[in-house]
Structures are given as C-alpha cells and as structure tokens.
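Below you'll find the structures, each written out as structure tokens.
Two complexes are shown next, each including chain A; its partner changes from chain B in the first to chain C in the second.
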Partner chain A sequence: MLGLQILIDGFAISSLYALGATGFTLMFGVSGVLNLSHGSIMVAAAVAAWVIAGYLGGNPYLGALGGVGFGLIMAYATYFTVVRPIQRSKAIPKEETEIFVLTGTLLWGIMIQEAIAYFYTSNPKTVRPLVPGVFNFLGVRTPLNEVATAIICWAVIGLLWLLVNRTRSGKVLLAASINPRGVTLLGFELSSVYILVWTIYGILAGIAGVLLAMFLGVSSDGVGALTASAFSIVVLGGLGSVSGSLIAAYVVGYMETLTAYLISPAYRTIPVLLLLVLVVYIRPQGLLGRR
Partner chain B sequence: MQKVRPHAKGIALSLIAAGTVLALPLAAQAADPIKIGVIAEAASIAGAAIPNAAQMAADEINAKGGVDGRKIEIVTYDDHSSSSDAVRAFQRAASDDKVHAVIASYISEVVLALEPWAARLHMPMVTPGAASNEISQVIKKDYDHNKYTFHGYLTSAFLALSVCDAAKDLLVANLHMKTAVVMSEDAAWTTPLDAGYLECLPKIGIKVLDHIRFSPDTTDFTPIFNKIEGEKPDVIITGISHVGVQPTVQWQSQQVPIPMFGIASQATSSTFWKDTNGAADGVLFQTVAAPGVAVTPMAVPFTDNYTKRYGITPAYCGNTAYDEVYYIADAIKRAGSTDPDKLVAALEKTDYVGTIGRVQFYGKDDAFPHAMKQGTDFVSGLLVQWQDGKQVTVWPTAVANAKLKFPGFVKLQQASN
Partner chain C sequence: MIGRLFSARLTWVALAILVIGATLPLYVTGYILGILTLAYYFGVFAMAWDLLFGFAGEVNFGPTFLVGLGAYTAGIINANWGWPMAACVLAGALMAVGGGVLLALPALKLKGPYFGLVTLVAVLLLQNFIVIFAGITGGEIGLTVPDVLFIDDAANYEFALGFMALSGAILFGLSRSPIGLILQASGQDAVETAALGFNVAKHKLAAFCVSAFFSGTAGALMIFYLGTASVGTVVDIAVGVQVIIAAVLGGRRTILGAAVGAIFLILAGEALRPLGELSTFVVSAVALAVILFFPNGFIGSLLRVGERS
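Right, the complex of A and B next:
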C-alpha cells in the first residue's frame, strides 16, 4: 500500500521534473547556455496562467494556454534582451561569454522574481487543475490531476522526441548539439537554430510551470529551488544529454519521494544533494554525459 | 569685518534675539510631526497590510488635529522578510529618520533580531504580528535593558489557548471529537505554540495521536497528509503561517477526509480563496478579526474603510498595526513627551479598546512581560471558516454569523457516533 503510494506520487513528480529539465538541458546541449532564469520563467508562466484564469472567470484551459504563451514570451525576452547581446558583444572575450551568460541570466531571473513579488505578492499561487477529482487506484486515492500531469508531461516529451528525430529542423538541432561548426559549414544559420531551441524551451518551461502550479503551487520565493532542481537533474544526467536528464529526473523524483515517506518530509532534498556530491567526485560527466 | 560696539540697547536686542533663538526649538517642536517607523514585509499580503493600516490610522488622527497639535507621520521600510534588512531599516529609522517609535514585522525571527536594537537605541517598538513567546521572555530576562519592546499580538502560548477554547466548544461539545494530529511548520513561533497545543488539547478531552513538524519550504504535502490519514484522527490542528496555500490546495485535491482547524495565517487574507482557487472551502482558522464581525464597535468601520481604500480586506496584522498607531499616539499624549522611557511607561499603562478587543499589556513581574492579555475580557480571538468564497465567523457564539460547514470529501468520523 505504502509502496504503491510512493510509486504513484513519485511518478507524477518525476514526470514534472523531467519536463522541466528537458528544455533546460536541450538548450545547454545545443547552444551552450545555462539559463539560470529557468525557475523565474516557470513561475512567471504559472502566475500568468493564474492571472489570466482569474480575469476570464476561472476558465482553466484558457488560463493554462495563456500561461504557456507567456512562458514563450519570457523565453524570447530572455534570449533577445539578455543572452544574444552578451553572445554578440565584442567587449566580452569569447572564453568568458559563458560566465557572462550565467551572470546575466541569474540577474534577469532575480528581476523577474522581484517583479512577480511586487505585482502579485510572494504568496503562493495555484492554478485550477484541468481535471479535478480523485479516483481509487488499487486502494490508493489518487488525484486525477496527478495522472493528467504525468500524461501531459510524457505526451510533450514524446512530441519533442518526434520533432528532434523525425523532422528536418529537429535533425539540424541535433546536429548543432553535436558539432555546431559542422552545421554552419553545411550552410545552416546557427541563429535560426538558436531561435528554434529557445522556442522549444519556452513552451516546455511554460507547460512545466503551469502544471507545477496545478500540482503543488508556485511562489516567487520558490524560483531558486526550481532552478537548482533543474540544474541538479541536468548535472546528474550529464550536461546536454536529454535522455540522461529523463533518467536523472526519475532518480531525483523517487529519491525525494522515498525520503519524504520513509524518513521525513523535512529531509526530502538531502539524499539527492549527497548523491550529486558523489556524482561530481566519481563520475563528473554524469550518467549519460558525453564530456 | 564687523566692529563690535558695546551698547546697552544692542545688548538688550541681542538678548532678545538669543532668547528667541533658544525658544524656537520649543515652539517648533510643538508643530513637529510625531514620526512612527513601520518596518514590514511588503511582498506578502499580511506584511503589506501593516504600513497600509498604520497610514490609515495616522490619516484619521491627523484629520482630527493630531496629538496636541502634532501630526503623525508614518515612515515605511520594506524588510523583504529578512532579519538583516530589518535591522538596517531599524537603524536608519532611529538615526537618520529620527522616528519616535517603531511598528515592526509579523515574523518572529525578524522581531527577535530587532529586539536587541530596540534596547540599544532606546527605541520603543511594537510588533503587530509576530507570535513567539521568546519576544516577551527576552524582556523577562533583563527588563531594564529590554523594556522597549511590546508584543502587540497574541503570544504563541495564548494563540494555542485561543484555539483550544474554540476547539472545546466547536469540536468536542458539538462534534464529539476525541483525537487530533498537530501539524505545524518548523519556525520560532510554532515551538511554544505546539507546546501549548500538546498541553491544552488533552485538557479539553482531545487525545493527540501525533505531532508533525515540517520544513517551511515544503511544497509537496502528499506524504504528510497520507501519514496523518493513516493515523485516523478526527481533526488536524494546524500551526502554519509561512505556508498555507499549498497544504490547503493539496488537502482539497487529494480529498483528505479530515478537517483542518487552528492557526493558518495565510487563510486570514481575503485573497486566499482566489490564491487556492476555492480549495480553502471548509478550512478553519483562528484570528483576531474578521470582516463584518463587531468584536468591538471599531472593528467593522475599520475593515470597511480599509477595504474601500486598498481594495482588499486587511490581514490580521492590519488590525493590530492600526490599533498600535492609536495607542502609541495615546501613550505619547499621556506621557506628554516622546522621551523613550516616558513613552514605555505610558505604553505599559495602555488600556485601549481597538479593533480586536481591549488591549492591555502584562507587567514587568508577569510571566509574559509586555505581551498582550488574552481572554474574554481582553482579546479572545475568533474562529473563522472559509465557506463559498467568504470568511464566516463560527466562534465565539456571541459574534458568530454562521455554522460549521465542510466540503463533501471531509468525513466527520465521530460525528455520527
């Protein structure tokens, strides 16, 4: 009974982690950008969904759609106002670009966080679930929303897989992550690849943020923790490896759930952090990392 | 260069001039504003109510001519829920802005960090919302040094008593409940609160099956609720303030069949219904004021005016901050001065009926010096429940405007027995 409970809860939260981390790792793989405003963009999308649903009389579908749209807008804003100017700046030496991007996105994330707290307070917000209610799964009372969360996450990840492996622009994306110079030599414009990856990232982060707000709720105070969890998952899975991140998301999700149920919810994140330290010592490239 | 010419008339004139110059500060002081610093958490709903309500009280007092002709000026600072920011604001308030008293914060940790600064800078300070017993214990330990702090909200120990008083009538007498699990966030204010719960619940006939303390940054409450459900208590007694929206939403989405009852500070805000998308339905919480409930004659006009001015109802610390400006002004009037020691002496004699009840402070030799007195004759507290988007008062019976009502998934196990 408890085992099944852990299995169900762990699956829902892990799927959400997987979705949140996929865009993050894909972006690093393709464009070398570690976007530290990740948590802020997720929360901004979620709060937008909450605000829009509020204005439109609580229609959860329109709210969710608006939230995802806002996530995309925020991703573009991050790229065009913060990341691209730094990447193109002649004043910044090439070898320092990554550090500047890290710092730039970190500060940008704090700006978004403060703006949310200023306009909508730091009180947590929740979005009405698309499917309310519970059902009895082999004796475990499971909210339908948890099931819907897992299904949506996997459907989106599946679509992404199709996009990357079965479409022309997806293949270019994959190629760019393996050898960016080779892609340019073949006559592809890297900047359009970057815009594609930021588009995918914005949609994924938006969906993850809105689902998180339906499942656990979001607050501008939680921005740092969200970025950190995506970061840990990506390091554990291997920087830039999407399949590594998916596996790592489940490792992290289940370790947290096991700890919360069997030891104490207060120590939820600690075993994962210990595991991360071990990974950095023993296998710094992560589970499926290439480098 | 001017040549000095000793001359009787000149000396007389300069004496007059000197006299005028000396007299000027006295004359000016009469019209100088009384400055009250307000340090609060602007980004949280409860915190934002503190400066808003204080400003409202100041405007009202000023409209009636101020205190002996002196206007009240509110100087506000945002502490971003951080002790170090609050300390910096406090120092600035005392040394740069030269305020005469400070109203500070609803977070116990922040107030405990400010307390030594109130002592060092001899700055009278009242907190509108922090609850930890420690605040008055610091005063108890070294009264002469720490007497500048006043606890303008119920101490955790009294909050627990207020919850138990209500539980006795509502849960034990009406619903015949016998068991409970205490669920609190791990913070300075809940340590004495939980101790109070564990002591007073058995006295009213409720057996405490378990006592759960969780980290205030918990986001997933599923394991906690599952554990509680396994223990089959009749009620969950809460002590939550930093969290609120998340446990409430998950309580509803998981359909935990056990009612929640106790302290839930976020639930006191009028936006809580919207923040939780209605998951708040049936949640019960202790507070000191509720919309439309005439705890005192001042209570309803205050809530109405505040709502008209700011668009939302005040959180609990809006009421206390509003009252505090009034009784600080009253104490200054009685002391006839803003001298810190005279002001502290006058504040100790406070007997003021504000928006939450009759405010008096315990004295130097009581168990909780400078803490607000709790009880039917002073501040008794209310038990409020969210029902269909509204906060309705269910206890005490004298002011109650509704009966207990729970959403369908809550099963009152003992009620049928």
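Right, the complex of A and C next:
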C-alpha cells in the first residue's frame, strides 16, 4: 500500500517539477539565460491567483487564470527591466554577460520576494483546488486534485511539444536554440524569438506556480528552494534539453518522495543533492545534454 | 605611468581612510562600532570571493560554504574540546582550505553554470548536515561558543579593522602581482594561458586555497566576535548572495571595491531599518540599479575615471 502511495504522490509532484523546469530549460536552450528569479515568478503567480480568487468570492478558475496572466506579466517585466538591458549594455563585456544576468535576476527575484512578503506576508498560501474531493484508488485515498495536477501538467507539456515541433514560430524557436546566427542570417529577428520564449516561459511558470499553490501551498520564503530545485533538475537533465529535464524531474520527484516516506522528511533533499554532485562530476553535460 | 600614479594615490587614499577608521571609536557609539565590526568581516568574505571570481574567473555561488566550514569547525572544536581560540581559528582556516581544494577539483573540470551549481549544492549539503547533526552543531538554533574575542566594543572594532586591512593588503598585493596577472589570464582564456606555458591548474588551485583561507579565518573570527555560530549568519544562501552582491556592487576585479561594497551594504541595510521589511527590497533595488547602470561598480567606475584623466 505504501508502495502505491509513493507511486501516486511521487508522480503528481514529479509532473509539477517537470512543468516548472521545462520553461526554465527552454529559455536556457534558446537564449542562454538562467533566470534565478524563477521561484519568485512562480510564487508571484500563485499569490496573484490567491488574491484574485479571494476577491471574486473564491472562484478558483478565474483565480487560476489571473495567476497565470500575472506570471506572464512578471516574466515580461523580468525580461524588459533586467535581462534585456544587461544583454544590450555596452559597458558589460560579452563574456561576463552570464554572471551579470545571474546576479541581476537574483536581485530581481529578491525584490519580488520581499514585495510579496511586505504586501501579503510570508505566511503559506493555499489556493482552493480546481477539482475538489478524494477518491479511493486500490485502497489509497488520493485527492482528485493530485490527478488533475498531473493531467494538466502533461497536457501543457504536450501542447508545448506541438508548438515547438509543428508550428512555424516553434520551429524558428528550435532553430534559434541550435544556431542563433543561422536564424538571423535567414532573416528572422532574434529579439522576437526571445519575446516568444519569454511568453512561453511566463505561461509555464505561471501554471506551475498556481498548481503548486493548489497542491502544496506556496510561501515567499520558499522562493529560493523552488529556484534551486528547477536549477538542479535542469542540470541533471542536461542544460537546454527539454526531454532530459522531464526525465530528471521524475528522478528528483521520486527520490524525494521515497526518502520522505521511507527515511524521514528531514532528509528529503539530501539524496538528490548527492546524486547531483555525482552526475556533475562524472557526466557534466547531464543525462541528455549536448556539449 | 598615470595608472601607476593613480594606484599610488589609491594607496594613500586607502591609508588615510584606514587612519580615520581607526579613530572612529573616539566619537561614535558602541552600536555603530558593532555594525562596522560585522561589516569588516563581511568585507573579507567579499574580497576573498572577488579573488576567485574577478581574477580566476570562477563563479562561486557558495562563498558561505568556505565561510561556514571555517566558522563551524572553529566553533565545534572550541565548544566541545575547549581548545584555545587561536588554535580553533587556525583549525577552521585549514578546514576551509580543505573545502577550497574540494571545490577546486570540479572547477578545473567544469565550466560556468555547472560549477556554479556544484558550489550551490555544496552550501545546501553543508546546511543540511548542520541541521541533521544538531547534537554537535547546535542545528537550527545555533552553536554557542564559550570563548569571545574581546569584551570591549572598541577592541573588537580595531581588531576587525586591522584584520580586514591586513587581508585586503595581502589579497590586493597578490592580485597585482604576476600571479594575479596569470590568474586573470587563465580566467579569461585558459587555453591560451596554458599555451604560453603557465600552469593554469596550479594557479587556480592556489587561488581557491587563498580565497578559502581568508574566508575561513574571517568566518571563525566572526563567530568568536558574535559568541554564536548559526546557519543564518554564516552558511545560509542569502548570506552568500549578499557577499556576491557586495563584490559586484563595489566593483569586480578590484579586491578593495569588494570591501567597500560590503561596508556599504551592511550600513545601508542598517540605515534603512526604519523601513522595516521593505529595507531588503530597497537595498536589492539599489544594487540592481548599480549593476544595470554602472556595471563596473563603485571603485571600478572611479578607477576608470582616474585612468581617463
């Protein structure tokens, strides 16, 4: 019974991790940006959903929609006020752009985190799930919300796959991740590709944030942990590789759930961290990364 | 030539500031001295970080891994076995150097974000272990150390100032020496540096050891000043982030700028205390603005102006 419980809980949490990390890795693949305000954007979207649902008498659908919209706004704000000015700055040497983007987005994330804590306190917030109720799955009491979370995550990832592989702008995106210069030579504007990738990123981070608030609850104190887990999943899977991140998300999700259930919740993150160090030493490009 | 003149002038400016700083206990309150004492230890963290980042080109997200190793080693030895303070500080520094070597091994193999992640994970692991082995380390509550550096505020202040000045002089001298030049070259283009016949691995390893030594010593001294070691003051990622912000704010690749940035950050945080929770927001916003508009930082921008004139 415990085995089945771990299987179900692990699946739901892993799907959420996968969704959260997909946008992060896609952005690195296409524009080389590691966005360290990732956790803050997720929590901002979740808190927006919580506020909107609160104002509108607790309609969870409108709240969720508003939260995702706010995630998108935050993603644009990050791009236009922090990332783009750094990338275009003449005073920053090209080889140091990366560290400046890292430091800049880190500071930006702290600002968002502090603003949330100031206006809405750092107490944990839970949004009412879209699908309430529980059902009995082979003797394991499973909240329907867990099932819904997993389904939504996979539906969104599926849509993303269609977008990237089946549409024209998606193919440009893919091409830009392989060879940005080639794409420019073919007459595509790189800046519009970047805006597209930030749009996708914002929507994905927004959905992940809102779902997280429905599943486990969010707090502005948990921002760093969220960014760190996305970062580790993405490195484990291979920077820039979306399918690698999906696999890594399941490895991380199940390892954490197993440790929490079988050993102690206090040790939850340790096996993953050790695995990460090991993988980075032995195979720095990650599971499916390309060099 | 002008550059040399300016750097000579810089030495005089630094000396003058130090002398003024040394006389501060005569006319400010013990409270301000206490804040500055912490800021000076913080300045050493930032300068040690700048040696790794600005010169060796290694993005270390976990300066607090080295600081925390030094601090906790010294604290645990002092609390459990009652060694004299100097021996504890030395042990802490050596432990931090060991940690530095441990970090240097992947740094020689990995690049950019990968190395950054390893350092981040190192901090998280250290933090987890401190919490798990709460019996020895005091866990989340913190570890109380029996010995303290000095009772008197002014003595603590002068000691911290002297320690920062000495560390700053050594690190600055090192960065301006041929070794610093080779480090800078290997940070920017390791292949070419190796082709010119310099041993990149050896120099980077040395940079890690030096940086770790100063971080660990500063960490150990800081807990003997505070009387306690806790995750929140010497290990937490937020502390590491502050160190990085301080170094970038003051001007990367200047060493002295890192100390200026650290003192500014601590003082600004203190001055904005009436704003309550918003103070961190304002400090981060100011730091972000400096990074966006003056990417060379305080001292870096000053040096630029000096070179041009």
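To be clear about the criterion, the second predicted complex is superposed on the first by the 291 of 291 C-alpha atoms of A that agree within 3 Å, B and C clash if a C-alpha of one lies under 4 Å from a C-alpha of the other, contacts with A are read in each partner's own complex, and residues count from 1 in each chain.
Please note the rule applied: a contact is a pair of C-beta atoms (placed from the backbone, for glycine too) under 8 Å apart; a residue touches a chain by one contact, two chains touch by 3 or more.
These figures come from a predicted structure and were not determined experimentally.
Contact with chain B, but none with chain C, is seen for A:Gly54 once the two complexes are overlaid on the shared chain. Legend: residue contacts after superposition of the two complexes on their common chain; A:Ile13 is shown touching chain B, with no touch to chain C. In the superposition on chain A, no contact is made by A:Gly69 with either chain B or chain C.
Of the two partner chains placed by the overlay, neither chain B nor chain C lies in contact with A:Gly170. Once the two complexes are overlaid on the shared chain, A:Pro180 sits clear of chain B and of chain C alike.
After overlaying the two complexes on the shared chain, residue contacts for A:Ala266 are found with chain B and with chain C alike. By the touch criterion stated above, A:Pro124 is placed in contact with chain B alone, chain C being left untouched. Once the two complexes are overlaid on the shared chain, A:Ala228 sits against chain C while remaining clear of chain B. Applying the stated touch rule to the two superposed structures, the overlap between the chain B and chain C interfaces on chain A comprises residues 117-118, 266. By the touch criterion given at the top, residues 43-45, 48, 81, 186, 213-215, 217-224, 226-227, 243-246, 249-250, 253-255, 266, 269, 271, 274-279 of chain B touch chain A in their complex. Put simply, chain A touches chain C in their complex at residues 34, 82, 85-86, 89, 91-92, 95, 98-100, 102-104, 106-108, 110-111, 114-115, 117-118, 224, 228, 231-232, 235, 239, 266-267, 269-270, 273-274, 276-277, 280-281, 284.
Every residue of chain C that touches chain A in the complex is listed here, in rising order: 53, 59, 106, 109-110, 112-114, 116-118, 120-122, 124-125, 128, 131-132, 188, 237-238, 241, 244-245, 248, 277-278, 280-281, 284-285, 287-288, 291-292, 294-296. The touching residues of chain A, counted against chain B in their complex, run 5, 9, 13, 54, 58, 117-118, 121-129, 132, 134, 141, 143, 145, 216-217, 219-220, 222, 225, 257, 260-261, 265-266, 268.
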